[in-house]
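Two complexes are shown next, each including subunit A; its partner changes from subunit B in the first to subunit C in the second.
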Partner chain A sequence: METTLQSASKTVVIGPERPFCIIGERINPTGRKAFQAQLQKGDISQLEIDIAEQVAGGAHVLDINVGDPLADEVGLMRRAVVRAQELTDLPLCIDSSIIEALEAGLEVYQGKALVNSVTGEDERLEAILPIVARHGAAVIALANDDEIPMEPQRRYEIARKIVSAAGDHGIPPEDIVIDALAMPIGAEPRAAVLFFETLRLIREGLGVNTTCGASNTSFGLPGRHGLNAHFIATASTHGLTSAIMDARSPACVDGAHAADVLHARDEYGMGWIRTFRARQAAAAAAAG
Partner chain B sequence: METTLQSASKTVVIGPERPFCIIGERINPTGRKAFQAQLQKGDISQLEIDIAEQVAGGAHVLDINVGDPLADEVGLMRRAVVRAQELTDLPLCIDSSIIEALEAGLEVYQGKALVNSVTGEDERLEAILPIVARHGAAVIALANDDEIPMEPQRRYEIARKIVSAAGDHGIPPEDIVIDALAMPIGAEPRAAVLFFETLRLIREGLGVNTTCGASNTSFGLPGRHGLNAHFIATASTHGLTSAIMDARSPACVDGAHAADVLHARDEYGMGWIRTFRARQAAAAAAAG
Partner chain C sequence: MTHDEILKGLYDETLVGNAPAVRDLTNLGLAEDLSPESMLYDGLIPSLEEVGARFERGDYFVPEMLIAARAMQGALDILRPLLIETGVQQVGTFVMGTVKGDVHDIGKNLVNIMLEGAGFTVIDLGVNVSPEKFVEQVIEHKPEIVGFSAFLTTTMPMFKANINALRKAGLRDDVIVMVGGAPVTQEYADIVGADGYAADASTAVRLAKDLIQKRRALVPA
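And now, the complex of A and B:
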């Protein structure tokens, strides 16, 4: 199944036969005090730096989150989505826990956006799915309800419920991207194994595209980039078709690209070779 | 199924629930002119450097190959195996295409060695399996005969034939490690996909342990360490339980260790953390 996202001028398709889709996650104030302070003053100039870095790193889609409890998130999202479309032709993923902010972003977005996110909770489904449907967007759906289940079968059932509810609102399965919930291995050693099994159930039972917040896996462990990279590539072989990840990490981007080479989605490694040469050129330029 | 290897004082077990087994492959003159010249003069002093580097890098087993057409390989193997056992307590993998050299190495080896290798060709089976049986060794068996088949099913059938022939010689399946044949992706884009499928057939049909020459995959491509690392970790999720690889590559060793973390064979990432700290300490020491 293929999920098509669009900006005003560019189309990106997520699917099992397509290159692994890198959803750049950096444009987010979580844990960034300076960016938070800027947003509280209505200053979105940081987007210029963050978007340039994600694009340079190789993101295919950009997640835009400007959530801050002390800021006017609805107004910020409207401005951020307009500004992001001036700065890049990549499709956007409009990311907020505030429904009005999602709607404000969708209203000014040109193309077919990804919305981040809905869950399996009835009230979230009933509030968010009509907005997604009205704007003809696609949506990331977390495989949890009021609890985060660890059992793959339970996550699968929530995913199936969401796909069904979306259908009731006229949203086809190809416009649902299930977040299969990457959890810290440091807290639960079988977290990745359970994640891979969840992917298998979703792939075989629903066939929809999947994503995750890839860096969650390594929380609390050292050498996080390397571990995240292997998590991404290994998850790809179990059916993961996209990840929300920081494209500034060459290790993680290489994980996605290596998965493409290994699974014959990058014939004769041409994309891999291109990335390698671009990095060599950048390193040579930096060395003067 | 578990394959037990032993030196005089140390046991290493290869198996799906065990840490991924790194068979250090550096002790081999292929492509190394200086080492070849030393061997031709009967000089095996290079072993001291090579073995120290493989051990420091994290190898669990050491492959010993002293093959050179202009040298006395039988005599060299006898001396190399004796010397290697003085230098390390890791179990050895005695590697030669010359049957007399395999036998010479086994005669002086203390413990239960791995022999590299036999193929599915009748004459090789009939020549090598009795030697393996007589010395109570384990053996790597390449899933090819006079040709290297690309079809997973054909490789599986050769593997099955070898396991059966080994049984006729009193060698149990747990003492067979099938080399599922990693081939260059640069020549055949589906080489890794076919390899993963071969692993699945072997795992489900025979349950024996598996290995491969991991670096073959990236032949002809840039960024080989990164690609090899992802090949190793991804193959591990499909059932690969060991690889013949250069433990001097931190990326490749990390691939094996990351696979252990992701598959809960390294509970709470303790092994991963230990490696990270050891590297930090080594870097600090190097920086003075």
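And now, the complex of A and C:
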């Protein structure tokens, strides 16, 4: 199954036969004091730096989250989406837990966006799916409801429920990307194993595309980029087709690209070679 | 083994999270007439404080903190009934929950396990806890501290709702309020009128102890 995302001028397709889709996670104020302070003052100039870094790093899609409880998230989202589309031709993933902010972002977005996210509770489905349908967008669906289940079967059932509810709103399964929930291994040693099993159930039972917040996996551990990179490549082998991840990290991006080479989605490793040359050129330019 | 060797063993084995060894040493200590109080205050708690200090310095990582706290919990399971019998003053009671509308609990659970390791009695209300439930549980358990956890910017406003509910019930001055969660900041904690905020589990425990000590100093028992 293939999920098509578009900006005004560019199309990105997520699918098992396509290059692993890198969704850049950086435009997010969580844990970034300076960025939070800027957003509270209505200043979105940081986007320019964050977008440039992630585009250079190799992102295919950019997640936009401007959530801060002391800022006007709805207004900020509207402006951030417009500004981001001036700065990049990559499709965007509009990320908020405030429904009005999702709607504001979608209203000004040019193309077919990815919405992040809906969860399995009836009231969330009924509130968010109509907006996704109205704007012809695709949506990330988290495989949790009023709790985060640790059993893969339970996550799969929630995913199936969401795909079915989306169908009732006229959203085809192609436009659903299930977040199978990557959790910190440092707190739950079997977190990744459960995640891989969830991927298998979704791949075999629903066949829809999948994603996750890849950086969650390494929370609380050292050497995060290396671990994230191997997690991404291993998850790809288990059927993961995209990840919300740190596109500024060469290690993490290499994890995704290596998966493409190993699974013959990058013929002769031409993409791998291209990335190598681009980094070589960037390093040479930086050295003057 | 001498008493000193047992205490040193408790300290060393807790530090590396060796739960079976900590349990065995605790039982050995009891068999050798070592007081539960001494094992707690001269062995286990100093060890977990060292774990916290290492974590805050960046020398220890989350799983190391977790297994150390679990090893200590194993000892506490044995010692707790004896400590209650001897009437040792409890460190404090902490009622904890993830706020209404929010189902994230990994951070909260880490704080819980470190609090228990530090000797707190933790009443965990789980996730998606309503203001009414917090009020009810504060009345029931009379904790020194109530903790609110939120992982989403959209659920952080529940801190304020919870504090208002405590105020309305006439409980606000009876209990210390601590808040935390990935997107939470000190500034936000101040704005909603919380008494304390910490960015990680280890700091949260230190702060909880400090806040209780300050309060006990204000109100002589």
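Just so it is clear, the second predicted complex is superposed on the first by the 288 of 288 C-alpha atoms of A that agree within 3 Å, B and C clash if a C-alpha of one lies under 4 Å from a C-alpha of the other, contacts with A are read in each partner's own complex, and residues count from 1 in each chain.
As a convention for this text, a residue touches a chain if its C-beta (ideal position, glycine included) is under 8 Å from a C-beta of that chain, and two chains touch if they have at least 3 such contacts.
If you're wondering where the values come from, they're calculated on a predicted model, not measured in any experiment.
Q: For A:110, using the defined touch cut-off, is the partner it touches subunit B, subunit C, both, or neither? Pick first, second, both or neither.
A: A:110: touches no partner chain.
Q: Regarding the shared-chain residue A:146, is it in contact with subunit B (first), subunit C (second), both, or neither?
A: second
Q: Classify the contacts of A:238 with the two partner chains as first (subunit B alone), second (subunit C alone), both, or neither.
A: After superposition on chain A, A:238 lies in contact with subunit B alone.
Q: For A:164, select first, second, both or neither according to whether it touches subunit B, subunit C, the two together, or no partner.
A: In the superposition, A:164 touches no partner, neither subunit B nor subunit C.
Q: Check whether A:222 is in contact with subunit B, with subunit C, with both or with neither, and answer first, second, both or neither.
A: It touches subunit B and subunit C both.
Q: Let me test your reading of the model: by the given contact rule, A:30 touches which partner, first (subunit B), second (subunit C), both or neither?
A: Only subunit C is touched by A:30; subunit B is not.
Q: Touch check for A:11: first (subunit B), second (subunit C), both, or neither?
A: A:11 sits against neither subunit B nor subunit C.
Q: After superposition on the shared chain, which partner residues are touched by A:183: those of subunit B (first), subunit C (second), both, or neither?
A: It touches subunit C, and subunit B stays clear.
Q: Check subunit A for residues that touch subunit B in one structure and subunit C in the other, and list them.
A: The answer is residues 185-186, 189, 221-222 of subunit A.
Q: Quick one: in the complex, what on subunit A touches subunit C?
A: Subunit A residues touching subunit C: 29-31, 33, 36, 67-70, 73, 96-98, 144-148, 183-189, 219-222.
Q: Report the residues of subunit C in contact with subunit A in the complex, numbered from low to high.
A: So the residues of subunit C in touch with subunit A come to 61-63, 66, 103-106, 109-110, 127-128, 152-157, 182-183, 185, 187-188, 191.
Q: Provide the residue numbers of subunit B that touch subunit A in the complex, in ascending order.
A: 185-186, 189-190, 192-193, 196, 217, 221-223, 226-227, 229-231, 233-234, 237-238, 254-255, 258-259, 261-264, 267-269, 272-273, 275-277
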